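Structures for review follow.
Okay, so subunit A shows up in both of these, paired with subunit B first and subunit C after.
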Partner chain A sequence: MRPWKPVMRAVAEDMGLWAYAVINASTPMRSVAGIAGGMVGTVVAGDLAAVASPVDLADYGEDALRRNLEHLPWLEAAARAHHGVIAEAATAGAVVPLRLATVYRTEAGLAGMLVRNRADFHLAFDRIQGRSEWGVKAYAATATVTSRPASQATTELRSERGSGAQYLSQRKARLAASEQARKVAVASARDVHAMLSSVSVATDLHQPQDPQLSGRRDRMIMNGTYLVDDQASSEFTAAVRDAAVGSPALQLELTGPWPPYSFAAVAAEG
Partner chain B sequence: MTEAATGSPAIHEDPIALVDLLDRVLAGGVVVAGEVTLTIADVDMVTISLRALVTSVSALGSQDMSIQP
Partner chain C sequence: MTSGNVVQRGGGTVRGYGSSLARGNEPVNLGDLLERVLDKGLVIAGDIQVNLLDIELLTIKLRLVIASLETAREVGINWWEHDPWLSGNAQQQHLMEENRQLRRRVEALEAGDESRG
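Right after this comes the complex of A and B.
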């Protein structure tokens, strides 16, 4: 891999810099196209470098960003471009991702941020060096939680005309069974989380994704994410496979390795 | 990321689900104030993403099933 030379030039008046991540200044990397096709370069300050590319402030200024981020296709393109550059950087060395939509007017402004937060970035590097993030989502297996469809219940009610009390009691029993199944699934997910935590250096639980967004009918009951030593990644994925086999109430889904998005956060200021 | 013909290892072999990606790029990463995006911070970003998702996938259901460690 050839060394990556800084290619950032003076930023024009109406242009800004979209910042992706912070890397060690010595980390080599291929230059790639970033947000809106702008070529990515580095802004170096001491032993740190910010990975950034020029963007037109007409589209990436604060007001424009607010509008654009609410437009899903735009948000998706930005998220994928942001991730693409960070993932590329992660192939060459440790990377501390920055939150989507961090934009500067000048190289000096971006370099100043590096200088002000140098100590915090070094803490972040200490935490994530040689480690990656893995996601494990747990869904309650459909059969254990889905109550019978309403149409079936209606048919049942008609066929047993006059026994409304019986219908209600059956319905109550089904709801109780469904609630019980949910409790079993949640308890099982807790066990899985504890087990995966034991092979991780840090963990975080994201909000479970809505079925409409996950594209799955099953209810997500855990959306865990785990920081794992790269040397232990096969141990971690084996643990996920074991957990999947040992947890009949759950369906597990593994994603990763990810750059350490969920574990990079430092109490940084401007 | 682009699967460029460089032989460098791809981080993900499968296309990444947008919802998994947004979980990370909108809720994760270091928050520093940019010069342009001074007020687009933590909660704001999550709200923005949810609004974007809600308008394109219709109503969000309740999300009260998170397990607590």
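Right after this comes the complex of A and C.
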């Protein structure tokens, strides 16, 4: 495939460049639509290329961006477009994802950033080349947290009428059982994390998500992410399945492969 | 919901979705996506600066809006915030990363000295 390198220097005054990721200059990047439908191209500096697309500064300038980012549907569209381009780039080669909302006024500004941070980008490439990120979330299986069905609890409540002390002591026992179940689940999640770490190059723990965000009622107790050699990806997914079988207190959720978002960070400066 | 690969064996369950490279089947979960594109990814200064403090505020606000942490606190499910293992020790991760980088730079410098001397 012939590397596609469009000319983007003709960026109009009221236009900027939204940067998605940095790739090796030799990696072919298919032209796709990015943020706000702008066609994606590359800005090359030496052996590195930035993947970017033109954006209107009326919507993506400093003030507009700050305002728009507070608007959830706008943010979601931007996040999905940003991710879409990065995922597309990742199908062709190693990719260092940039954080959302990295915008340049000129092609020269973007190229300059590549030159200034060249050493750091190479460090990042050394780390993520030929590797992908996988997410594994562990939920405490509902049955181990809710100690008894609601109907049973209601019956008990009725029979306990008039005996406040008895009710309280039973409630205390239920809370203790639930706390015990949580401890078992946390210990189990710790084992799962250790096991998955042994088949990973690097790991990171994200904050467990709230049920409203995860879309599940079960309590999330681990939100791990793992950098895995692409050659070992089937070994990793098999390890997740084994972990699930060996952890009856947990439900595991596997996502990926992701571009290596969680492992891209190196101390770079503008 | 069509999960990509539901595996169920014994008591364990693996639910998989959101294969973000082989795109098509199921959209990536918004929470999974935002925690990556907002909190992760390489931070470099662009020409258009959205103040980092503002981004922090945004992230906090987002968490309040979509993760509804306030609600979580009210019903007492914020115990993970006090568990350094579960909350992900960001400071330690940062130091480890810095350490790795410094070691590489020292190696590179030493290699340079040897070739000169």
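Note that in this section the second predicted complex is superposed on the first by the 252 of 270 C-alpha atoms of A that agree within 3 Å, B and C clash if a C-alpha of one lies under 4 Å from a C-alpha of the other, contacts with A are read in each partner's own complex, and residues count from 1 in each chain.
By our rule, contacts are C-beta pairs under 8 Å (C-beta built on N, C-alpha and C of every residue); 3 or more make two chains touch, one makes a residue touch a chain.
These numbers were taken from a predicted model, which means no experiment stands behind them.
Trainee: With the two complexes overlaid on their shared chain, look at subunit A and say whether subunit B and subunit C clash or fit.
Mentor: By the criteria stated at the top, subunit C and subunit B clash after superposition.
Trainee: Considering only the touch criterion stated at the top, classify A:Val44 as touching first (subunit B), second (subunit C), both, or neither.
Mentor: The answer is neither, since A:Val44 touches no partner chain.
Trainee: Check whether A:Met195 is in contact with subunit B, with subunit C, with both or with neither, and answer first, second, both or neither.
Mentor: Touch status of A:Met195: no partner.
Trainee: So, A:Ala36: does it touch subunit B (first), subunit C (second), both, or neither?
Mentor: A:Ala36: touches no partner chain.
Trainee: Quick one: is A:Val240 in contact with subunit B, with subunit C, with both, or with neither? Answer first, second, both or neither.
Mentor: Only subunit C is touched by A:Val240; subunit B is not.
Trainee: For A:Ala232 in the superposed arrangement: first (subunit B), second (subunit C), both or neither?
Mentor: Neither partner.
Trainee: May I ask you to decide whether A:Arg99 touches subunit B, subunit C, both, or neither, giving the answer as first, second, both or neither?
Mentor: Both subunit B and subunit C are touched by A:Arg99.
Trainee: Return first, second, both or neither, reflecting whether A:Pro259 touches subunit B, subunit C, both chains, or no partner chain.
Mentor: Once the two structures are laid over each other on A, A:Pro259 reaches both partners.
Trainee: Which partner chains sit in contact with A:Ala77 here, subunit B, subunit C, both or neither? Use first/second/both/neither.
Mentor: neither
Trainee: So in the superposed three-chain picture, is A:Tyr60 touching just subunit B, just subunit C, both, or none of them (first/second/both/neither)?
Mentor: Both partners, subunit B and subunit C.
Trainee: Report, in rising order, the residues of subunit A that make contact with subunit B in one complex and with subunit C in the other.
Mentor: Of subunit A, residues 16, 19, 22, 57, 60-62, 65-66, 69-70, 72, 75-76, 79-80, 82-84, 87, 90-91, 96-106, 109, 113, 117, 124, 135, 186, 190, 205-210, 212-215, 219, 221-223, 255-259, 261-262, 264-266, 268-270 contact subunit B in one complex and subunit C in the other.
Trainee: Quick one: in the complex, what on subunit A touches subunit C?
Mentor: Within the complex, subunit A contacts subunit C at residues 16, 19, 22, 57, 60-62, 65-66, 69-70, 72, 75-76, 79-80, 82-84, 87, 90-91, 96-106, 109, 113, 117, 123-124, 132, 135, 141, 182, 186, 190, 204-210, 212-215, 219, 221-223, 237, 240-241, 243-248, 250-259, 261-262, 264-270.
Trainee: Where on subunit B is subunit A touching in the complex?
Mentor: Answer in residue numbers: 1-2, 4, 6, 8-9, 11-12, 16-40, 45, 48-49, 51-53, 55-58, 60-61, 63, 65-69.
Trainee: Can you name the residues of subunit A that touch subunit B in the complex?
Mentor: Spelled out, the residues of subunit A in touch with subunit B are 1, 16, 19, 22, 30, 32, 57, 60-62, 65-66, 69-72, 75-76, 79-80, 82-85, 87-88, 90-91, 96-106, 109, 113, 117, 121, 124, 133, 135, 186, 189-190, 193, 197, 203, 205-215, 219-223, 225, 255-259, 261-266, 268-270.
Trainee: Which bits of subunit C are touching subunit A when the two form their complex?
Mentor: Listed in rising order, the residues are 5, 7, 9-21, 23, 27-51, 54-55, 58, 61-62, 65-69, 71-72, 77, 79-80, 83, 85-88, 93, 97-98, 101, 104.
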